[in-house]
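Have a look at these structures, which come just after this line.
The same chain A turns up in both complexes below, where it pairs with chain B and then with chain C.
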Partner chain A sequence: MKSNIYTHELRMKSRSILTWSIAIFALMFFFLSIYPSFAEEAELANQLMSKMPEELKQAFGLSNTDMASLLGFYTLVMVFTQLCLAIQAGNFGFGLVSIEESELTADFLLTKPVSRVQILTSKLLAALTAIIITNLVTGAASFLAITTFRSSHTYDAGTLTLMLVGLLIFQVFFLAVGLVISLLVKRIHNVTPYSLGLAFSAYVLNAFSGVFGDVKLEYITPFKHFDPNYIIEHNAFDTRLVLINIGISVAAIAISYWLYIRRDIHAVS
Partner chain B sequence: MNIFFRELKANRKSLITWSIVLILLIMISTAKYSAFAGDESMLKVLEAMPKGLMEAFSMRSFNLTTLTGFYGVMGVFFYLMGAMAAAMWGSDIISKEERRKTVEFSLVLPVSRNRVITFKALAALVNCILYVLITWGVSLLAVQKYQPDQAFRDFLALEMQAMFIIELIFLAVGLLLGCAMKKYKLAGSTAIGIILVAYFLSVFSGMQEKLANLKWLTPFKYFDSADLFQNGRLDGTSLLISAGIILLCLAAAYYTYNKRDLYI
Partner chain C sequence: MSIIEVSHLTKYYGKSRGIVDVSFNEEEGEIFGFIGPNGAGKSTTIRLLLSLIHPTSGSASIFGKDVTTHGPEIRRQIGYLPSEVFYYEGMKVIDLLKYSASFFPGDHTKRMKELSELMELEMNRKISDLSYGNKKKVGIVQGLLHSPKLLLLDEPTAGLDPLMQRKFFDLIREENKRGVTVFFSSHILGEVQRLCNRVGIIREGRIVEISDIRTLQQNNYKKVRVTAEGITPAIFELPGVTNIETENGSLNFFFKGEIKSILQVIHKLQVTDVTIEEPTLEEIFMHYYE
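Presenting the complex of A and B:
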């Protein structure tokens, strides 16, 4: 790792960290401010729900979660947070090395006395740091917003922490997958459509499996790997799915190293 | 005119990629509908869901076990895909010249900046039209096996019109961002911000009576599929607001791009 590449990369990402952090703060506070009045309404609905046969409730992803509870309500905003952070991590991943090519600075960077492995490692660590910072801010925002609006409702801080840890692994997934896709295609001109497409496709697939209750989709979309409803219900991760997720991330990073070392990088003519 | 054809060709790959994602979406969802069609007991579960939650996923006032109801719920996803694609096309078609350092080249050609924007916008417009037509066509094909009736076809036509208007809104916004942003990098990320805020607002506005007025801030709620279903036509006020937004954004785009000191 080269510290000057690392610090430069991190500085480049500071704006993204700041913007997304503010966005997440606003999202959390706005959303949880609805909670107090939502809780009363949901209480009634829950009583109705309890009379439904179990198989039918199973058909819906959210059915077993008590929406009137604080964390049950929090799962809704958690999905939106996941979507935001997936876009951010995707941006980092897709842009990590492709940005040098699209901004015509790749040959400058590669003539420096640093190996490609060093470049990729420093850049990855910088992106990882940025992701961790955003994750910590999200955690702080969650706890603050919940404490502000919870009034007499109680919640389990351990479960919430578990969700946030899951969120971090989830972010790394989009970083790694973005990176490997950016190295698999010939050239990325603009990062935004890629990260937007990846994050939203995963999100929409997740929304479908929630509404229509299909089990097979859970393997494809990372939103299901860290389903907050599952975490609340079991107070633990779905080990199998989390392992799949981590496996994909690790494989993606390994393949990225392999590809980047061999990559034919176009010089500016 | 050659700018137009040049841009059409340059954007072909992007159109194909966005279409593939959409086609997959339609295929997966219609396949799922089969497990769902005509299931009476499912209806009871839906009726028992908390109202705020149903609103959040815009599932209010739909009978999900019918094809029309099912497509009504799908509506917001179509709008979302259309909005994203259109905003990306709009912002990128202008800002890419600066990113790829070709802006000096295209502007020393004997064409005015107005003409550059016009033909680029037209090329993006053609993309948007094709995107809606593809959605429409693939949807009709995908539901063929459920024997759709005329009512469904009418509803789909209405929903596709709404999708097209939403595309136009976000295309105009995207064009404005591409034209107005001094830093080309900001155009794309601002577009993301606008889409996310609009989408979240559309979810929030349904969750509570108090927040209902938020719907005027988000195009995704202008043509809520539940309203389309009930009224059988596009809402007049919403059409007017949409036209206003589109014209305003286009005017601002032309104005700013003509004045703009380009990033070289």
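Presenting the complex of A and C:
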């Protein structure tokens, strides 16, 4: 690890951390501010839900959700948060080394007396720090918004913490997979389409894995690995799926190191 | 001691050629010119030396160490100036230079100030606001601020105005006097002629000639121009004479061989004017590309 690269990288990410943090904060407060009026009509809401086709509910990740409970309602905003943070982490992953190459600053960095391993490690740690900061903000925003709007309703803080911890591992997945894809393609000119594509296809896979029931798409999408409904129901992770998730992340990072060390950094053309 | 040793270095990008079987040495304290047209493989060679790209076969070493296995260690003593410079756009010049310096042990603030003043660089401007020429100056300062022992310059003068070019050449000569070895790639022969002791000529990925600038010029064609009454090309039809052209009663031609044989012919003519000069590198160079 080189501390100067780490600091530089983190500084470059400061704007992204700030924007996403504000967005998540606003999302939490806006969403949970509806809860008090929603909870009054909860019976009605659950009735309405029970009339919806099962496939549709599964597609929105609401199959077993008790909309009247505080955390049940929170799962709705959780899915949005997951989507946002998947895009952020994807941006970090896809851009980690490709931005230097498309903006042609890679020559600057790679002709310095540092090894590729040092560069990648410093960059990964900086991205991880950025993710952790965003997660801390998300956690703080969740607890604050819930405390503000829960009135007399109770919730299990342990379950909520578990969901939030899951969110961190969830983001690492998108960082790692984004990185390995960026190293497998020749050159990425713009990061955003890739990170949007990865986040939404993972989301859609989860939705469809519900619709088709038997199809085992759940193994590859982190939206399933960290399904908030499962966590609420069991007050625990689905250990098997979380291990699969971590396994994919670790493999993606290992392959990324292998690829990056061997990578040819092409001249301006 | 050889600072750079390149041995049978070959690089293919997939199927397309980068360089093929390139070998040469550069000794300590030399200024070595690496000439060739665009796409001949100059940048490929330099990028291999910096291990930005990896060789298909062959090897290269700098300071006696293999470039692929000892990259970081070697690069501590290298200053690199690319032909096109791109830096983190949001940064200020001073922050970029400090970031660059932070990779090298020791304090380089003094040298950084000296160089910036010499190159008339404004330190507090944002990189994104700089013109191409000014970005180039940032490149020069960041390539030199850590006082490297070896300079790798890849077409360094592109984008510099003539005044800055001269300052830059003076700077390179000064560095060279302090013992710095310089590897200088260019497609502009005039500047190589002005600066370098030895040159390598690369063409379509292969080295076609490595020699002293002086021998290159001496062992080569002489440019002869004769003005005389009643002169015809037939008079100079001797072995070694090529490219005869008539121009307003004068003859221009290239000659390679014993200069005496030409003088004997000239001696018999009613000569009004004669010039015999060494060809410019440009003219020699064209010869390799014919």
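Throughout what follows, the second predicted complex is superposed on the first by the 240 of 269 C-alpha atoms of A that agree within 3 Å, B and C clash if a C-alpha of one lies under 4 Å from a C-alpha of the other, contacts with A are read in each partner's own complex, and residues count from 1 in each chain.
Just so we're on the same page, contacts are C-beta pairs under 8 Å (C-beta built on N, C-alpha and C of every residue); 3 or more make two chains touch, one makes a residue touch a chain.
Computed from a predicted model, the values in this text were never measured in an experiment.
In the superposition on chain A, contact of A:M12 is made with chain C only, not with chain B. Using the contact criterion defined above for the overlaid structures, shared-chain residue A:I34 touches chain B, although it does not reach chain C.
Touch criterion not met for A:T161: it reaches neither chain B nor chain C. With both structures placed on the common chain, the touch criterion links A:N4 to chain C but leaves chain B unconnected. Applying the stated contact rule after C-alpha superposition, one finds that A:S115 touches chain C and leaves chain B untouched.
When both complexes are overlaid on chain A, the residue A:D264 reaches chain C alone and has no touch with chain B. Contacts of A:L104 after superposition: both chain B and chain C are touched.
Put simply, more of the residues of chain A are touched by B, taking chain B and chain C as the two choices. Note: residues 103-104 of chain A belong to the chain B contact set and to the chain C contact set alike, using the contact criterion stated above. Every residue of chain B that touches chain A in the complex is listed here, in rising order: 14, 17-18, 21, 25, 28-29, 32-33, 35-36, 41-42, 44-45, 48-53, 56-57, 59, 73, 77, 80-81, 84, 88, 92, 96, 99-101, 188-189, 191-193, 195-196, 200, 203-204, 207-208, 210-211. Contact residues of chain C toward chain A in the complex are 13, 43-44, 47, 50, 52-54, 71-76, 78, 80, 82-84, 86-90, 99-100, 102-104, 142.
Residue ranges on chain A touching chain B, taken from their complex, read 16, 19, 23, 27, 30-31, 34, 37-38, 41-42, 45-46, 48-49, 51-53, 56-57, 59-60, 62-63, 67, 76, 80, 83-84, 87, 91, 102-104, 189-193, 196-197, 200-201, 204-205, 207-208, 211-212, 214, 217. Touching chain C in their complex are the following residues of chain A: 2, 4, 8, 12, 103-108, 110-115, 118, 262, 264-268.
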